[in-house]
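Each structure below is given as structure tokens.
Two complexes follow with chain A in common, the first pairing it with chain B and the second with chain C.
On to the complex of A and B.
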């Protein structure tokens, strides 16, 4: 009997491994091999075109300590992280609460409408924004003629930074609102009724009932938004080029410039590894904090 | 149960085979990737990459079609030239880099700048063509012997320059005339007189809709390193009388010429338009007095109803020189044709590409090739006889601005032949030009701040970025 069970267990194990082969092969081909290759590349001085490659050890990494653009990309990762996570959370939650209060008939349509910015290409959005803030746009002509404000939007580090944050928050809030909407809709009506009977309504109910009950979804949203903050590329590439004075630069922009315009592929790979490490540490930290919060509220 | 398990195994196997087959090399005879270049049996397929632009692609397709119709043969094998647009994303240079590393590089391509050619040549990815018969015939037919000296990379030739856009100045004719000028400025004194007149007639200019003197949004963007060709090299070449930037690992930039260049821009003061303005030259009212020239836009200008000439809407002027009599050198926005060296390119394919270029630029076809190029693109072919050769006359008549541009193209200097050009020009912007312009745009016109310190910073940064002595 025991032998039969053991045989069955082995067969099940083999089938499990077999069924996992596509995923494992995918991971190997598209993740592990490129990762190992990137680590190897990061130790080389090579433009990928020349037959000459020079092993430089950790030089590409230590050079980043003196590279003002790499330092700016590292710092800007945090500068983007804070407003993007907070604003995506606030606007996503507000949208979700508003949509959940709508009549069932139009709820779906309105949710999709707020989702559209997520589907819009970053290139198209950036081009529209560029026109919107150009010197001879209706908006700027209005500001100059009526308010005597002559603002060079993309030449001022503060305005340039906040325009990029604004685009990303506008684009992503509707997407995150869908997650939160699903969680809010999942709260049992019994809980809402019980809360109402106990006098918990409005803001009080939001803080003490709704938010704790959707905390696992909030964790997902916050982690996704944090990851997003380290993956910004299209908007600064098209609008500011990372400037002025590196105020809007990001890791991806610097990796692109280093690898494909300066052809320092080894240095670009080193940047990519540091970027990945930064994201890993931050995401782990946020997940740890959110798990603590989840435990506190027993979810 | 067994059936279920068998089905699962079958589906998994099919998925795995399907996925891994996507990673395999294409079968021989396949038209994709490097396989298309493989010389098979009695035929040779030669891949040629055009610039990622429809007009240039169409030109090369028509030429390849005509060449293929001549039934060319190499070592007894039929040669077929196949034209493809080079990848544009993330950039054409990165597309070529990727093609080299993956062995899918074409036998030849156009759209290569002198600087990128230097990178490719130093990576042993290009053929030295100076002793090739086709190259010597092309240079002789184009009467471009003098120009070729400017294209040398370490005293060798790797590129046949194809077109040149002389980057000089583009003036708003109506504004210039309203300020009382009956000819385009040619010297620094002329420019100062124009700036003085502009400052004294601001209200008059406002009434004409002209709010700024120079339009140059890229002046404050150090990341756009290529813009230093247009807002630094052009001016610098004229003011330094063609002193090169970099030679044999040494920064040879003329310090005084660089200071003069910075201060020339500084003289525009707060009248420079550094914000982006849409349709600046094609809008009903041109809101600026001048900008760096846009030779590639002449068809757009004509389509927008803008007339060329001092009595029209806009006019091209020469580079501004220090004093009358100096040569108005300018930056030549110029790219050319190269032959790639790679283990994936067979000798037959290389010879096929050479045969194609030999046919294109033979004594019989060269003039017509360049005339067709000009008609297709309105970009001047690199030649020494554009103004004299009757084949180009119809286009000069159709676009009178081409005549002026052809005159300026004689003094065009291409970009530097350095692998580190991107880093050098980024440093120039970051450590010198951008900080200087940030200061100078706070001043009134003709009150350029002293640029010595910024130039010295830029020189230090360029030496470090380019590993130059």
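On to the complex of A and C.
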């Protein structure tokens, strides 16, 4: 018997490690080594080509305090975070509630249709948005001739910023709606029936039954949207270059430019670390807040 | 009562249709502009006549110094995305199965390592990864390798395998099936819907990748379609027609793939929440 067990566990050990070799090798080469390297790099002044590297300690980090672009990226992290999380939450929830109220037959296809924007590349949407809002487009000619609105969409910090927020919300809402829809559909029929018997309908039911029941999924959606807000790159890169006046810039854009356009690899690595810390703190804060809500109102 | 609920359903459907028109408008706009004659692009949502000129320009290979570059970039996108999706599925399947169903020494360690990576911002690794992969610049391997394994994909499999009863796998072992047999004859068929979702999602993510491909493959012959559109974006500003057509070529294959597989999604999404 003992021999059998050891034979079995030996077989499990061999197979287990064999199946995990690719993952472990990848983690070592493309995760652990770059991680140590990044921390080392952040204390260096090096242009990635010359043989001279100088150790500068925390100078790369303290320099960021005087770097207007880095400060803009830090602040914009919050400026993007707040509207994107709120709007994705609202539209995702509204879409999910709408789809769940539709007849069973068409639910699936409608959910898939709302999901399509999620599949589009940021590059393709940027092409459409760029030309749609260009000076001589039908849309802008209409605004000028009929409404006498002459808006240079990408030269105005406010409109440029909101166009990018709009693209992200448009792209993600249908995706988050899918999560929320699954959660709403997952509420057990017993609960729904009891609620109906108690006369809990409409808004009352939404606040007292549906939302508390799907609170864990709402948390997931909010955390995902927050993470996403810090990963914006393609749209500002193609549409505004981070301008005007750094109004639309993001960490990713600045890290890319600092590292690969200005070749300040140490400064770029320092930016990436600060960015990661900012994301980490925000996500922890949101999770903590949602857990509190969950304890108070969840089921 | 019945007529009231019918009226309610009708109103809901009308609202849905209006929202769908808004939601899909950018895509319709893109498609119609790609078929518009070049002097009518962006002048109307639907132009007075439709033409294939933009597509002929891209796919006809009539370029001057970089003939066929658009066709080439489309192939590059495929060459990069397909192996990425396949490797993600294979690794996800292997790790997912072993971590949940095999009691081997170190499974906890691997699980912890996965959790740590899942929530780790990859942006920190960008610069060092680029320096490491520089010798492979403008090679497919340099584009594929650093992005071919996804912790998300692995977790999709882990979460699914957890829901499968251990008895199935134990019984197969007692019947004398080897590890390879268990994977190919039991694990693979049972995880079909996860595999479809992981494959398509990884294919799409890789297909839509911009920053890494821009860094690693700046050579115009190696650019993916996504990168080529970005690099031609400014210089082609006066020829929006072909840019719209290129965007359609970029977007449509992904949408068609997902629509074809949409029946697997309902099953998949409900356990993604766990």
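Odds and ends about this structure:
By our rule, the second predicted complex is superposed on the first by the 268 of 299 C-alpha atoms of A that agree within 3 Å, B and C clash if a C-alpha of one lies under 4 Å from a C-alpha of the other, contacts with A are read in each partner's own complex, and residues count from 1 in each chain.
Heads up, the rule we're going with is that a contact is a pair of C-beta atoms (placed from the backbone, for glycine too) under 8 Å apart; a residue touches a chain by one contact, two chains touch by 3 or more.
Treat the numbers as computed from the prediction; the structure is a model and nothing was measured.
In the overlay built on the shared chain, the residue A:233 is in contact with chain C alone; chain B does not reach it. Within the superposed three-chain model, A:51 lies in touch with chain B and out of touch with chain C [touch as defined at top]. With both structures placed on the common chain, the touch criterion links A:297 to neither chain B nor chain C. Once chain A of one complex is fitted onto chain A of the other, the partner contacts of A:288 are absent, as it touches neither chain B nor chain C. By the touch criterion defined above, A:243 lies against chain B but remains apart from chain C after alignment on the C-alpha atoms of chain A. Set against each other, chain B and chain C touch different numbers of residues in chain A, with C touching more. Within the superposed three-chain model, A:152 lies in touch with chain B and out of touch with chain C [touch as defined at top].
In the superposed model, A:114 makes contact with chain C only, not with chain B. Looking at the shared chain after the overlay, A:256 reaches both chain B and chain C. Of the two partner chains placed around the shared chain by superposition, neither chain B nor chain C is touched by A:142.
Residues 15, 19, 22, 26, 29, 48, 130-131, 134, 136-137, 256, 259-260 of chain A touch chain B in one complex and chain C in the other. Across the complex, chain A meets chain B through its residues 15, 18-19, 21-22, 25-26, 29, 47-51, 130-131, 133-137, 152, 154-155, 241-244, 256-257, 259-263.
Interface of chain A with chain C (complex): residues 8-9, 11-17, 19-20, 22-24, 26-27, 29-31, 33-35, 37-38, 41, 48, 95, 98-99, 101-103, 106, 108-110, 112-117, 119-132, 134, 136-138, 170, 174, 178-179, 181-183, 185-186, 216-217, 220, 230-231, 233-234, 237-238, 251-252, 255-256, 259-260, 265, 268-269, 272-273, 275-276, 279-280, 283. Chain B makes touch with chain A in their complex at residues 5, 8-9, 12, 15-16, 19-20, 23, 90-91, 93-94, 97, 100-101, 119-120, 122-125, 220-225, 273-278, 283, 287, 419-420, 422-423. Those residues of chain C that touch chain A in the shared complex are 9, 12-13, 15-16, 19-20, 23-24, 26-27, 29-30, 33, 41-45, 87, 90-91, 94-95, 97-99, 102-107, 110, 113, 117, 119-121, 123-132, 145-146, 148-149, 154, 173, 179, 204, 207-208, 210-211, 215, 226, 229-230, 233, 240, 243-244, 246-248, 250-251, 254-255, 258-259, 262, 265-266, 269-270, 272-273.
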